[in-house]
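Just so it is clear, A, B, C and D label the chains in written order, and each chain counts residues from 1 on its own.
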Amino acid sequence: MSVPDYGRAFALWRGAAPGWQAYTRHAFVEGLRRGDLPRANFLHYLRQDYVFLIHFARAWALAAAKADTLNEMQAASATVHALVHQEMPLHLALCAREGIDAAALEATPEAPANLAYTRYVLEAGYSGDFLDLMAALAPCVLGYGEIGARLAGSGGVYGEWIDTYGGAEYQALCRDVGALIDGALVHRLGEGWDGLPRFTRLSQRFATATRLEVGFWDMGLSGA
Amino acid sequence: MSVPDYGRAFALWRGAAPGWQAYTRHAFVEGLRRGDLPRANFLHYLRQDYVFLIHFARAWALAAAKADTLNEMQAASATVHALVHQEMPLHLALCAREGIDAAALEATPEAPANLAYTRYVLEAGYSGDFLDLMAALAPCVLGYGEIGARLAGSGGVYGEWIDTYGGAEYQALCRDVGALIDGALVHRLGEGWDGLPRFTRLSQRFATATRLEVGFWDMGLSGA
Amino acid sequence: MSVPDYGRAFALWRGAAPGWQAYTRHAFVEGLRRGDLPRANFLHYLRQDYVFLIHFARAWALAAAKADTLNEMQAASATVHALVHQEMPLHLALCAREGIDAAALEATPEAPANLAYTRYVLEAGYSGDFLDLMAALAPCVLGYGEIGARLAGSGGVYGEWIDTYGGAEYQALCRDVGALIDGALVHRLGEGWDGLPRFTRLSQRFATATRLEVGFWDMGLSGA
Amino acid sequence: MSVPDYGRAFALWRGAAPGWQAYTRHAFVEGLRRGDLPRANFLHYLRQDYVFLIHFARAWALAAAKADTLNEMQAASATVHALVHQEMPLHLALCAREGIDAAALEATPEAPANLAYTRYVLEAGYSGDFLDLMAALAPCVLGYGEIGARLAGSGGVYGEWIDTYGGAEYQALCRDVGALIDGALVHRLGEGWDGLPRFTRLSQRFATATRLEVGFWDMGLSGA
């Protein structure tokens, strides 16, 4: 199948990240698709993902603080709002159905792979600027979109998870984020941004974050 | 009239800030109350206040990034959302009625007093933590609440501005922010927070930000 | 006389900053040159400059934290070291001769113009990256170099101050900082950096910091 | 043998960190003591440690930027200076003797355990304040001191490494850093700092950084 179109920077970053296939076609993902991923691993992943989302929301809030235009600020703050007031409550509801209550969820000890990833993203944002944050956040947002698009319609016990990311709403979000990134690059670096050293450095950020996504799935599979 | 109750930290900070009366009973404020503030000064203030709001929203976004609990993050991100998706559009509408369009508003050159204030708040947040941000943000949020409560019902040509800050909705926001601050202090410093050197330092931040609010009104009056 | 050569970015920034002459040929500077600046104003300036230096050293430390190469880190950390272990002690000694002891110096209340400038620089650094810091720091470092070079040999009661900045050691530092900036631009943006929107934004940072330098001299002259 | 005295906060943090023994008595450390650690693992560790030192120096530079007193700033900037102008050149020399040149050293790809640790420390510093940085930096600085003190005199092929950290100079540095931390706590939180929630949170930071030190030794042993 074809790769979804989330803009030009994503296409370039994706092509230059050695770990992209290892991430988006990870055994954990295949287990979700076939429906044979053990429930215990999925729940371990869900718990860690909740802690991840907290830091992810912090990183988008930092993006709003570092935005250069009103449009960037609105896009970033809308994402924070959606994460904090919609996605995290949904996560809570999903976990509650599995017998994990809010207190247990919030008390989840952070796995090393989780900590490595979230702190990498936040530090990229604090040390760098809006573009550094976008490059570090993109593998998660857009990678889940690509996985969702590929797995859409697989059904099975993980069909709900798959449909969340493969659905029209999330796919539209991915296209919006892709456009936000392309616009931010032009705004700062001009039309020839893909030829600048700055872009090479951003590609490295994307590749590192992709590597950390692989570690996150590994953590989910190993249950550690 | 009595001072509105926005919590314990506010009462202490307010009492310890030498410039509090100079800020909340500034000639600019009295001009709003009596309705004899020249329109040109009000418009100059409105334009600068729009630029101020952008940085103010950035500071609240930084607060969301530096929050320590989900509750703090939700409160901060809801404030960003309200600023970016409600207060700034309202500002745009109000200015449009006065013949200042969006492009003119966004192109407003930052007055030195504006720049001094906004960068002080943001730097406090970046250098320090959530509490430093709250202490630097409080004079604006809660001072406008106190001014609004005192001027409520004054009517006159600035009645709309007065009613915004004196109204029930904004007063409720001030009580919420006051509770957020008191809760954040207990969460980090325990019940005896008001006796710690950390609190003295926060009082100094509040006092400095209050001094910068005086400078902001001065700028409004002088038109420079 | 000719303008000293502190590199290509400086030449471009300097040419694009409307306030450059107002800063480098300010009445305060002319008073230093002619020797008729009242002593009280000079001492007021010296006290504020000490507080300024503390924040200036913090900003260079932040530059070391945000450096991208070992060379940038070494240059920034050497500057911090020189400021903290040499320039600030010298300042202390100079003030001591004037009867201002260390305790009095450290207790200096920050003037608004001082606060505006230092927080602008630090916030530029926290919000942005190494280049934003360099653009915000350059007017001070290199402007003093240009002033020193022009005033060198004027003698008079302020001859010691003039010789510090006009002397070979400080002039060499200015050339080093200029080269650091040009190198940092090429490293991130390639050889065509002067044609990118990013550079326009950096020029605006330089111009704003220049405007704040004018405010600093104004503060020195007015004694407020 | 007795534990070295690096101050009160260290004693409390050390006692509350579940992983402290796992870190300071790790198989990698025992291999250094007995001299039977394979050379390849030591060299893998050395390479990664060089990359670590760069980020470690960045973190100390951030501490200088976030210092609250001149004394804190001088202590932090002196550490950066020592790291950048002494320890890193020594590392380069040691590696050169092993046939690893500067270019190879600087090109070392960051191992996940390295990345996790350094970004955790830097993010703690950016998100929090000077105390957060100290708590995150302490396990490395003071843990190496404790290991050095215990292994001192073991001799063997790793005797030079052991003597660096067990020697009088490094032990004095540890006592200075311990005093800096205790002083910073009193300065901000008063004499009763060990009873405040803030201190509990700092202890968690220390414990997390300790856990990441264990991961660093694991990485050294596994060669991955």
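Assume contacts are C-beta pairs under 8 Å (C-beta built on N, C-alpha and C of every residue); 3 or more make two chains touch, one makes a residue touch a chain.
This one's a predicted model, so the numbers in the text were calculated from it and none came from an experiment.
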Q) Can you list every chain that touches chain B and also touches chain C? A) A, D
(Q) I'd like the angle of the rotation relating chain A and chain B after CA superposition, in degrees, nearest 5. (A) 180
Q) Given the two chain pairs C-D and B-D, which is bridged by the higher number of C-beta pairs in contact? A) C-D
Q) Which chain is most remote from chain A in terms of Cα centres? A) C
**Q.** Whole-Å gap separating chain C and chain D, where each centre is the average of the chain's CA atoms
**A.** 34
Q. When the C-alpha atoms of chain A and chain D are each averaged to a single point, how far apart are the two points in Å?
A. 32
Q | Separation of mean Cα positions, chain D and chain B [Å, integer] | A | 42
Q. Which chain B residues sit where two or more other chains touch them?
A. 65-66, 122, 126-127
Q.
Edges wherever two chains touch, nodes for the chains themselves; is that graph a line, a ring, a star, complete, or other here?
A. complete
Q) Which residues, counting only chain D, touch chain B once they are in their complex? A) 65-66, 68, 126-129, 132, 187-190, 195-198, 201
Q. Which part of chain C faces chain D closely enough to touch in the complex?
A. 54, 57-59, 61-62, 64-67, 70, 73-74, 76-78, 80-81, 84-85, 88, 106, 122
Q | Residues of chain B that touch chain C when the two form their complex | A | 110, 112-113, 115-116, 119-120, 122-123, 126-127, 208, 211-212, 215
